[in-house]
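These notes open a run of structures that come right after.
Common to both upcoming complexes is chain A, partnered first by chain B, then by chain C.
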Partner chain A sequence: MSSAVTSTMASDMMPLLAALFLTPILASTPIAFAWAFRKDAPWARKLPILSVFGLFVSFLITLYILFNVEEGTKYVYPWLPAFGIDFVFIFDYLSKYMGALTGLIAFLIGVYGLEYMKDDYRLGWYWFCFNLFTASMLLVVYSDNLLMLLIGWEGLGIASWGLIGHWFRDDDELSYVGNMGRKVFGLNYFWSPSFGGWRAISTIRVGDMPMFFAVAAIYAFAGNLNISEIHWETLFETLGAAGTAILLIAFLMGPFTKSAQLPFSEWLMTAMTGPTTVSALLHSATMVAAGTYLFMRISWYIEPWAFSNAGMDAVYAFVLFLGLISSLYAALLAAGMWERKVLLASSTMSSLGLMFAAAAASKWLGEFAVEVSFWYLIVHAFAKATLFLVAGHLIHVTHDRFCGGDTEVAKKMKLTFLVTAFATISLAGIPPFTAYWVKSAMDEVMHGLIEHGMALPLTLLITISIIYSAFLAKFLSLNFLKGKKVHLHLHGGGLMGAAYTVMVSMLLVLLYLIMTGQEEVAGEFFHEGFVSTSLAVGAAVTVSYFFALIKPSIPQLSTVGRVLSDRLYMPFLNDLIVPKIGWVLVAIVDVCNRGVDFFFHQAIPAFFESASKSIRKIQKGYLASYMRVTLAAVMVLLVISSIVGW
Partner chain B sequence: MIWVLLLPALATVAAPFLKKREAMVLSFLAFFIPFLVSFYWLFTGYTLEVAIQDVVGPIGRIYIYGDSLSHAFGFTIALISAMVAVYSLPYMEHRFHEMGLDVGKEFRKYWLFYNLYAASMLWLVYAGNFILLYVFLEISLIASFLLIYMYGYGNRQWVALLYFVWTNVAGVLALIGFILIGMQNGTMAMDAIKAVGMTAWLLVFVGMLIKLPGFGPHIWLPWAHAEAPTPVSALLSPLTVGLAGYVILRVYFIDSSFIESYRIPILAYGIFTSIYAGLSVFRQKDFKRLLAYSTVSQMGYMLIGFAAGTFGVLGVVIQYISHAFGKSILFMSAGAIIAVYHGLRDVEKMGGMHEYVPTISNAALLGFMTLSGILTVGMFGEFFILKGIADIYGLSLTAILPVIVVFIISGLYSFYTMKNIFYGKPKGYETPIVSRLLDTPLYVIGIISVLLILPPLATLFLAGVKIAFGGVLP
Partner chain C sequence: MELIASLLIISLASIASLKYRWLGWASLVGVVILVPSQPAILLLAFLIILNMLSLELMKRSYLAGVDYGLVAFMAAATIYAIYSTDLSSLVAAFVAVSVPTYMLVMASEERARTDTGIKYITFMVLATVLFLIGVALAVFASQTGDETLYAIAFVAIVVGIAIEVGVAPFHQWVPDVFVSADAIPISIIASLAKFVPFIVAFKILSATYMGNGTLIMVVAFLAIISMFAGNIGALTSREHSRILGYSTVANMGYILATFVILSKPEFLWIAFAGALLQLFANSFGKVGFFAAIKDGGSSPALTYTLALSFIGMPPLMGFWSKVLIISSLAYSGFIWLAVIMVINSAISVPYYIRLARELGAKDIRGLAGLVVALTVIATLLTLLPGWFIDSAKALTAFIGLGGV
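And now, the complex of A and B:
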């Protein structure tokens, strides 16, 4: 790929790019200021429209880039020319689609948010963070320079922190995760928004700092920070196998934590304490996918299939299995989950795992695997964002964050029901709907690994697909067909409905692109759908979907379900073991501080005080006592000198 | 334009004769104008030199000297001093009331010592002779000592003495080092010194380690910074202690032999200091003491930077700036809470404070973002230190893992503190009226901190700092 990239200095793009990143931020400053100074003014609650308009402008620019900017174009704007580091924007296959996807989803969720958040107590914060997030995400998507990417990356982290902890008062049961007041082995098993925010940023920092180091190390060893220009093969050769492995793992710590792979998954679950719009945009469609996107992007230019390096090969194998195992873990969790949003969060984690695995398979199967992974990201983004938006709407009308709703809900909220049904069917991989074709290609990729002596990936993928389809059907069934009876507070909902309807219809557009072959890459997936493995998996997934639709919960398995919905007790790692270790260290340090403080500020002064006292004691003022001391000293001196002399 | 460096002197003399508000405006301008000018000097790579007096050896020529390094430190000192001057007005008014003192009368003393203190730090970085540098070091020490002694909290006389003794030991050790340098070279003029002997280096280094401070001597700092009146804390912690780094830098630029021979112990000591102090932050109950430990942790970054080659040293310069920005914002936010809630500084009594003082909460967020290097100039500091580590130590896990842990801990305590103080269930305080002078200065610093990573400021800023390194950097 790197050879195909043409470096053009399109100077006319400057205003466009400035508008792309700055409009969302500038458009959200009025509401931020209004909220700080004139919160109660009647016009203040109308300002979010301006923020959404900013998102709309960004969306239009991403569309312009998608259709009018030639693939492989780069745009350079001087940033730190003294150090050979510049803002480098790249418009390649991945970034053009990803940018448009981000722009569209952010805009649609923005529209939804106008209604969903209209009575909120903290609109300034919400819209500023939301738009800052969108700008940061677009920066990550389009940047070729790793240091510039890190600005966007940190922006994602801070915006995500701000939005998860948006309801910082911790006073609304609807914003918690877990059953309020529940304890498991003495550990509180419920999480508040302010805690969710802290959990998110603390986990992400653990990944970002190694990644930051890796970027600095790339700068040190390659002398260049532009992903598409670094000679990766040469770089890896210089570093040797061990060095390459260290560098890649350090770099991938960022994507692993951001995309919530094991063992960094807990933050994504407690992130569900944020508003649903946030879960839809950040924690399913875009930000968490940024980790996988970045992995795809560097794989696109490293071209790991083109050469061999023991360190790199090991890391790709590691990512393959880490992704699959995380995916399986998360799929199991989702199967046992009762909370609407946490169920969707686990399913997101599962999908992210599959993206990592598929992209890592590119080491053995070439670029095609990255394309499969990327298209799965696109399909997943639209489907999962839709489901989250539906979940948000359901939480609004039922005042309940746990699954619930019988056929009455389906009757009264027909549109919502149909949208959910279509989104689940499309995402599950039931032929001939959208995800089926992409999943088929993924089956083929994993199938291809068998030739390289890895049979396990395909088995895991099929297992995951079956569970995945089952919990999607369970989500549909428990909320619209066979769940407990709920009381509906139906009013409004027009904007929300419109937003997720448009969102879900994007799956039809994708389906069209795949089936007609209008999109060259996606068109290839169409053929994979007719391979026997794919058809068999498709059939199994369909059976599992309809089984779960009819029997969404199995009372005989409630104990297993409990274990799964307790997230296989992973919270103990995050809430008990790691903090305990931390607190022990803190306690040791505290004791040392007291010790040093005592030594310097009490022991030393006390020593001087007592020394001075005892010296003063000698000075009695009697001539006789001075004489005695003098005589004694002379005697001692005589004795010493006679011994020494002798 | 060099005369602008004399503005603080004017303010020192004139402010005590003005009404408190006019004195504030004068002090603000006396530092804000030098800020703009030194910022401009940094961008243009201007070098200034003004001879004062030729003295016989071993003192040598005394002169004012300003290169990019001076400007980088100078603009930081001037900016923070200007902003803290504005903030001082409402804060010290509250403090004088609290202490039952006569506001008008005390402000006269306050402005005299405040301006003297800030001015001596500004002049310190423009001193061309080590003896001159030492004189400014001592003036800043005496002025800050008096401010703590008169207006500090808690056992303030004891704390002030403690502060004085420790930093004076630091100063004297450095002085002996300077004298040895003078004896060896026949001059203490920075441009004429050829070599720095090991003993002299050791004395300067150890002295500055006490002032910085590193682990061990760090113990004076939490007392002094927590109990000083907040505007003084907001100069002490961000500006004064880091100047120890400046002194080391100056000697380093003349002769880097000492640092290069003892790289590994310095790195290990820096890492230990930083992790140790970083962990100490979590246990603190007092907001200002908590910030003081964070200062020690951040000063560990500086030691790490010194041990990481040329890029690491570049990181030290940026780290000084970013820490100064972040920590001054944070001390001022802690002080704002103290001022509006009549001495509230116990972290355990806070919680959900964002509900009552949202502007201060958001400012503190900017401060913590600067400390942890998120979307602020702190990011460059971390980047260059890490680049230096990679240059010198390669991909050796024993060097990189601890440094990564150091950076992680800063992020963790930052957001842990944010959560404990500003978020969570509000504790039922009244919503106060916050004087705009208590929060606007924080935002000015915060916004500059953000703008410094984006073009065009970032371009000019880093190109300017690079000039200080001459042809050493590629």
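And now, the complex of A and C:
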């Protein structure tokens, strides 16, 4: 795989790559400026079309790359020749699919956003951040160079902050997360958009800092920053077991926080304060997936299955269980959740955990595990983006962010209902729909771990799959079939409907690729679907789905549900314990500050003042006393000198 | 031969100046014929001219015009001391620079300030006596190899010049005399009169030094006391002259510190260049500040430049002199002394800035303004200090004693 990589200095690709990253940004500058200077002009509200056109151009280029660029090609452009650092774009199996996926989803959500956001008060900010995000994401996807990747990585962070806090006035109840005014043990249990934005960026920072140091350490020890060129095995040997573990954990802190693994999950829940389009693009399909994608990418080239290093092995085992436990935690949360978007956010976190776990299993089961993880990412991205877009539409028509809607909704919004039903069934892993095949392969991967003495992963995966299927059915049931009666404000919605219909139809394309074996890797999953474990899990998942569809809420378990929808009180870590630690640090710094102030502004001046005064006190003005002192000093020195000379 | 001619011209000019004060300037001719084309000596000539120019700021003096002659006489002795390697000439030069200051210190525009004079002269006499005894014993002891005697002689010489120039703890006269004397004569005592004691002591001690490291420690010890006493004493002083008095004590400490180079003769030239440049930096600064005091203030640009030179701000003269001294200390293994010197430079910042602020409240004007401006130009002459270091290095050829 990595040996097949060829590196080229292709100048003919230069304009195309420049267009790929710059078109979305340039296309969104007119509206950014228009909003700053001529917000009320009638043409200003038409400019978003230009932004979406920029996304479309990027999408076409990603398609061109997918179909026309040979797999394993690298394009190298000089950047910092003195340090041996170049702009390196890599087009391998992962990046070609991921790029096209990003391009398509960003474009479709852009189209959806034209209608969803049309009456918004801050379109310049929204579209600029949205397109900046897309460009950054594409940069992350196609980067082989870690330093270049970090530029995109930071772009994701800043755009995410800008978009989550988009409704910064915090004046619309619909944009909050949590029950308004609710307090738990004195802590505010609801979150505003501006606070959500802050929680996101501050959490991600925590992960980015160690990641920067890890990248610097990789450069220092390997002398190269290109993921596909670094001799990982040699690097790990140089660092030793402990060094390798520290390096990998520090590096993975970035992906862990970006992909909201425990205990960094809280920001993703309150990221739902942003517009739904943002939740769909950033917080289901792309940005949060960037963390898992980066983990897959480095695993792809580290090839942890090919050699052994105590430090590396421990880290992969850690990621395996971190992913599974995060996934279980999030699945439980989603089962208890009432808010449409937060339910989907938890389910996203759950899926991200599965991606981490499957990719980490590659340590024992080889490259196939990474491919399974990556295909799960793809399937999940289309299905979850669809569900988010549906949730956004529902929030628009019901003016309510909590689940609600009876069969009247299903009747009046037939297309939406069918799309939701298909997306949930496809994602749940019900045979023979799309995710079933990928999940079957994942079952096989976890099954394979039993041979390596780990039975727990498969158990956890089956548990998670059952819960996952149940809350997807719950989402469908509570919004379209058995939820409370809602009042619908139906008008328009055509563009939104079109966007998520195209989005969900991608699941059929994927299904086609799997069933026909047109895609070599995906074709392998087809066989896994007929293994007995997979069939058993598929049956269990189907039962769970229909059970939840019929009985979406169980009043007897409302206490448990409350605990789960309170996210097992994880917000206390974010909003109480960590700030308390911060305040303790502030207090310590304050004390040190006062000490420094006292030392320099009081102690030192006072010391010198008194010293100076005592030196000047000798000046009495009497010659006789001066002579006494002088002669005494002369005598003393002469005595000393005679002793010295003796 | 030139020396005799020089002294003759100075004497005649002084006699003539008793009648007409301005004729005292004629004595400058006697100095000029002694000046060789050595850059460092030309810088000294510049200082001498500034000293004489600042005498113009006194409307009258009990010395009539003889004060010009006295300055010229000190100048001639200073130049001679730099070039002489003859013991008796060096001793004579020491006395010849010391004695005229006895008269200068009493000069003022009203009457002779005898109370100031008595305080000053008493110390100077003690200094001269100790110095002379020390020199005689040192030469004798070094020839006979008597280390005990040499230790006493060494200390006597060091204490002699310490009292002469005002190194703590022998500095009591300095603040008192600086405050009570007229600003102009004291500016001469604070500048021109400081060269010879150090140069003569440098020559005699480096020629006779017998390798006793403890004696070097005594010198270092005195230097440290002087730096701290001077800089800390100046911090709370109010009168400008008193601040400059303590500043002198500190500066003399810096220069005395260069004597530790005696233990590492191969780096002598760095120490000598540093000491010489520090003498110049101190002299120009003192002449400028005292002229400003005499005139009741000067322009802030000028006073701040002088203050920054004293503090040691690059690229002014006071910076380079401190760099040279600190490197010589480092080369001779006295890193800790160099650190203490840097700390002292930091301690000195507040009072120099205060001095610059309080004196720099006026516009530049008249003769005093010219003198201050010229001193500022002098601090800028060593922007690139290479020429001075080369010249000072050439002058180290005359360190040592002929015929001893």
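In this section, the second predicted complex is superposed on the first by the 591 of 646 C-alpha atoms of A that agree within 3 Å, B and C clash if a C-alpha of one lies under 4 Å from a C-alpha of the other, contacts with A are read in each partner's own complex, and residues count from 1 in each chain.
By definition in this document, contacts are C-beta pairs under 8 Å (C-beta built on N, C-alpha and C of every residue); 3 or more make two chains touch, one makes a residue touch a chain.
Everything numeric here is computed off the predicted structure, so don't read it as measured data.
Looking at the shared chain after the overlay, A:L187 reaches neither chain B nor chain C. When the shared chain is aligned, chain B comes close enough to touch A:F87, but chain C does not. Applying the stated contact rule after C-alpha superposition, one finds that A:L415 touches neither chain B nor chain C. Of the two partner chains, chain C is the only one touched by A:S612; chain B is not. Of the two partner chains placed by the overlay, only chain C lies in contact with A:S642; chain B stays clear of it.
Contact comparison for chain A: of chain B and chain C, B touches the greater number of residues.
In the superposed model, A:V560 lies in contact with neither chain B nor chain C. The residues of chain B lying in touch with chain A in their complex are 162, 216, 219-220, 276, 279-280, 282-283, 311, 352, 354-355, 358-359, 369, 372-375, 379, 382-384, 386-387, 389-391, 394-395, 397, 400, 403-404, 407-408, 411-412, 415-416, 418-419, 422-426, 453, 455, 458-459, 462-463, 466, 473.
Of all residues in chain A, only 36, 77-83, 87, 147, 150-151, 154-155, 157-158, 161, 165, 168-171, 192, 194-195, 197-198, 201-202, 205-206, 208-210, 212-213, 215-217, 219-221, 239, 242-243, 246-247, 250, 582-583, 585-587, 589-590, 592-593, 596-597, 600-601 touch chain B in the complex they form. In the complex of the two chains, the chain A residues touching chain C come out as 608-609, 611-613, 615-616, 618-619, 621, 623, 626-627, 629-631, 633-634, 637-638, 640-642, 644-646.
Across the interface of their complex, chain A is touched by residues 118-119, 122-123, 126, 130, 147-152, 154-156, 159, 163, 169-170, 172-173, 175-176, 212, 214-215, 218, 229, 232-237, 347 of chain C.
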